[in-house]
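We call the chains A, B, C and D, going by the order they appear; numbering starts again at 1 in every chain.
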Amino acid sequence: YLASSKILICIFSLKCSGGLELLCDSVKIHSINVDLPAEEKKLTMKHLLAWVRSNLIKERPEMFMKGDTVRPGVLVLVNDCDWELSGQLDTTLEDKDVIVFISTLHGG
Amino acid sequence: YLASSKILICIFSLKCSGGLELLCDSVKIHSINVDLPAEEKKLTMKHLLAWVRSNLIKERPEMFMKGDTVRPGVLVLVNDCDWELSGQLDTTLEDKDVIVFISTLHGG
Amino acid sequence: SSEFGHDLTPDMIYRYSRQLLLPSFGVQGQSNLLKSSILVIGAGGLGSPALLYLAACGVGRLGMVDHDVVELNNLHRQIIHGEAYIGRSKVESAAAACRSINSTIEIMEHREALRTSNALEIVSKYDIVVDATDNAPSRYMISDCCVLLGKPLVSGAALGLEGQLAVYNYNGGPCYRCLFPTPPPTTACQRCSDSGVLGVVPGVIGCLQALEAIKVASLVGEPLSGRMLLFDALSARIRIVKIRGRSSQCEACGENATLTREEFQHFDYEKFTQSPLSAAPLKLKLL
Amino acid sequence: SSEFGHDLTPDMIYRYSRQLLLPSFGVQGQSNLLKSSILVIGAGGLGSPALLYLAACGVGRLGMVDHDVVELNNLHRQIIHGEAYIGRSKVESAAAACRSINSTIEIMEHREALRTSNALEIVSKYDIVVDATDNAPSRYMISDCCVLLGKPLVSGAALGLEGQLAVYNYNGGPCYRCLFPTPPPTTACQRCSDSGVLGVVPGVIGCLQALEAIKVASLVGEPLSGRMLLFDALSARIRIVKIRGRSSQCEACGENATLTREEFQHFDYEKFTQSPLSAAPLKLKLL
C-alpha cells in the first residue's frame, strides 16, 4: 500500500480568518504529500484533517477545526463534491484527489 | 490497441450557427464512442474531426469545418488547453479526454 | 392579443425584442418573467446590479427591502446609488433608479429592516427571494422564512476578493440550514464593512443572482440548485461544485422539522449566530 | 500627505475605505488605480456595467467612445441608460451616470465611432482598453491598434446566453489575431441586434471586464491573459481554459509583423471581415 499520498489542497475564503498561513497566500492549488499512518491501508479525510492540523496550522486551530472535524461554516469538497456525499470523515482519498475547504461568506 | 475510444465533446457558442444539431441542445458534455481506423494505433484530433464530420454533421459543414480542420473562428480545446499547445490535428487522444469546440463571439 | 399566443403589447415587444429573439427564452420566457414577482433583500453591493438587471429585463413586480441610508463609502460598489442620494434611503434611491430604467414594471419599496416580525408578511407577497444582505443572522432568518413560505432563495455573498452563489429551497433542493446547520464562530465571520471588498466583486455576484432569479422566474435553464459557485477575483478562478441535497435532519426543512411561523416570529437570530443584524462602525486608521 | 506614503485625500480615504481595508489591494492598489486611465469602447450591453464599476472604484481618467444613440430596445440590458435619454447620445448618457456616481474622477466623452482614422489618436491617451463592441471588424481594429500602441486589451463578448472574456496583448501574451488570424465566415457571425441576448449575460461579462481592467491598472492579482473564460448562462457553467501564447507568425504582433501605423490607418476592416461596423436593422416578426 501507499506510504504517502500526493493530495491537492485548495483553500477558499479561509485566508483572512487566520490559522492557515502556510496555505493562505492564494487560492491556487497546493500540492502536499501526506504520510499514511503505518497501520492503515487507506488515506481517509480523518487522517488528512489530523495531518493538516499538526503540519499546517500554526495558530488558532479553532478557525479551521472543531474536535476532529472542520468547524461549523466550513464546507469540504472532494473532487468538487460535498464530502457529505462521499462519507465525510470516512471518505477515502487517492493520489491526485483535490480537496477544497471553503468558509461560508456573509458579506454583501 | 484500442478499437474505440470514449471521448467527451463539449460545444460552446456554436449552437445557433447550425450544422451541429445533434450536439446542439445544450453545452452539457456529450459522451461519444469513436471507432479507430483499423490501420492506426492512436486516435488523433485529425481522426476525431473526420469522424465528427461524417457522423455528427447533418448539414452546412462549412459552419464547423474548412478542409480537414475547423473553420476560422473556432477554437479547439483538449482537456481545457488550446490544441495549438498539443499539436493541433496531430494531438493524440485518450479515453475520457474532453474536447471543447468554441466559436468566437462578437456580440455585446 | 391572444390570437398571437401571448399577452405582450407592441411597446413590450419593442423593449424586450432582443430577449424575444432568443429561441431558448422567447415569448414564453418573457411572459413568465412579466407575470413574476421578485423580492431583493438588501439594496447594497449585491442588490445594486441585481435590482438594475431585474428591473431592466422585465420582472413584473420588483420589491426591495432595506432600512439603510446611502453613505459616501458605499458608492465604490453600490452603483445603483448616486452622490445626490447620500443621506437618503437606499430603497428610495434604488427605486428611483429602477423606475428611470423601466417605468412599465411595478416597483415596491419596503423602507424598513427585515425582521422576524415583518419577514413573513413581506416575503409572502413575492414568488422568488434574492438574499443580498451582508450578515449571518439575516441569512438564517431569510432561509427559514423562505422554507416556511415555500419560496426559492437566490443567495449571494461577497467579501474581499471572493464571492459565493447558490439557489436554496428550490425544487426539492437543500436550504441554507441543510448546508450550515450550526452558525460559524463569530470570530470567523466578517462583513464588507469590517473587512473591505473590491467593488466589482459583489457586482459579478449580484449579476449572477439576477440571472439565477430570471431563470427561476422564466422557467428557462438549469438554476444553480444543489450546486455552489465559488469566485476568486484575484486569480480569475471560478469553481462550480456539487453540494449535498436536502437533509432529512434539517431543523428547517427536514422530515422532522418543527419550525413553525409562530416559532419563527420569536426566534432570536442575533443570539443564534452571536452576531448583530446591523453593521458595526468602521475602524480605518490610515491618517 | 507624503508622510503617510500615499497621495489620498481624506475624502478619497472615506469614499474608497472598503477597498483600502483589503490587505491585497490597499492604499497601493487604490493609488495605482487613481493614477490610471482606461478607455471603454462601446457604451452598450458590456460597456454599461464596465463603465459604472470603473467610475465607482476610482479609475483616475475614464474614457468612453460610441456614436450610437439610446433606443428603447437597448434598455433591457444597457442599464447605464434611462428612458429619459432615449434618442440622445449613449456617451452623453453614460458620462452623466458615471459623474452622478463619482464626481471626483475625470470623464472623457468621445461621441463618435471608433475608426482607423481616429483610433490611434484616441487610444493613445489611455493606459488600458476595454473592448465592449459588438462586431468582428471593430474587434480586429481595436486589437491591432492596441498592439501598435502597446496597450493591454480587456476583451469581452456576449450573445444569446453565452459570454467570453480574455485579456490580450498583456505582458507578452497573445493578441486577438494570434488566436484568430483569419476572420470567420460572415454566415457564422452574429450580433445581439440580430440574434438576441438575455440582458444580464453582457452584465456578467461587463463586470468581469471591469474587474480585469482594475487588476491590470492596480497591479493586483493575475489578469486573464493566456486564458479565456467561457460562460454559459443557461446551465450556469463557467470554464476557464488555457489558450496559446503570442504567435511568432502573427501578422500584428509576431516576429516578422509588418503592421505599421500608416498601414493601419488605411486598412479596410469591414472588407477584411466581410462584415459592417454598424448594425443592420432588426427583423422581428411577432405581430
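The definition used in the following text is that a residue touches a chain if its C-beta (ideal position, glycine included) is under 8 Å from a C-beta of that chain, and two chains touch if they have at least 3 such contacts.
Quick caveat: nothing in here was measured; it's all calculated off a predicted structure.
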Quiz item: What are the two chains with the most C-beta pairs touching?
Solution: C-D
Quiz item: When the centre of a chain is set as the mean of its C-alpha atoms, what distance in Å lies between chain B and chain C?
Solution: 39
Quiz prompt | Centroid distance [mean C-alpha coordinates] between chain B and chain A, Å | solution = 37
Practice problem: Starting from the mean Cα coordinates of chain C and chain D, work out the distance between those two points in Å. | Solution: 27
Quiz item: What is the distance, in whole Å, between the centres of chain B and chain D, each centre taken as the mean of its C-alpha atoms?
Solution: 30
Quiz item: Touching two or more other chains, which residues of chain B qualify?
Solution: 16
Quiz item: So which stretches of chain D touch two or more other chains?
Solution: 160, 192, 195, 197, 234-235, 237, 240
Quiz prompt | Touching pairs among all chains present in the structure | solution = A-C, B-D, C-D
Practice problem: Using the touch definition up top, name the residues of chain C that touch chain A in the complex. | Solution: 42, 44-47, 132-136, 139, 156-160, 162-164, 179-185, 187-192, 195, 197, 202, 228, 230, 232, 234-235, 237, 239-244
Practice problem: Give every residue of chain C touching chain D within the complex, in rising order. | Solution: 1, 4, 6, 8, 10-11, 13-22, 24-25, 27, 49, 52-53, 56-58, 72-73, 75-79, 81-84, 100-103, 160-161, 192-201, 203-204, 207-208, 210-212, 214-215, 220-224, 227, 229, 233-238, 240, 282, 284, 286-287
Exercise. Under the touch definition given earlier, write down the residues of chain B that touch chain D in their complex.
Key: 12-13, 15-17, 26-28, 62-63, 71-75, 77, 80-82, 84-85, 100, 102-108
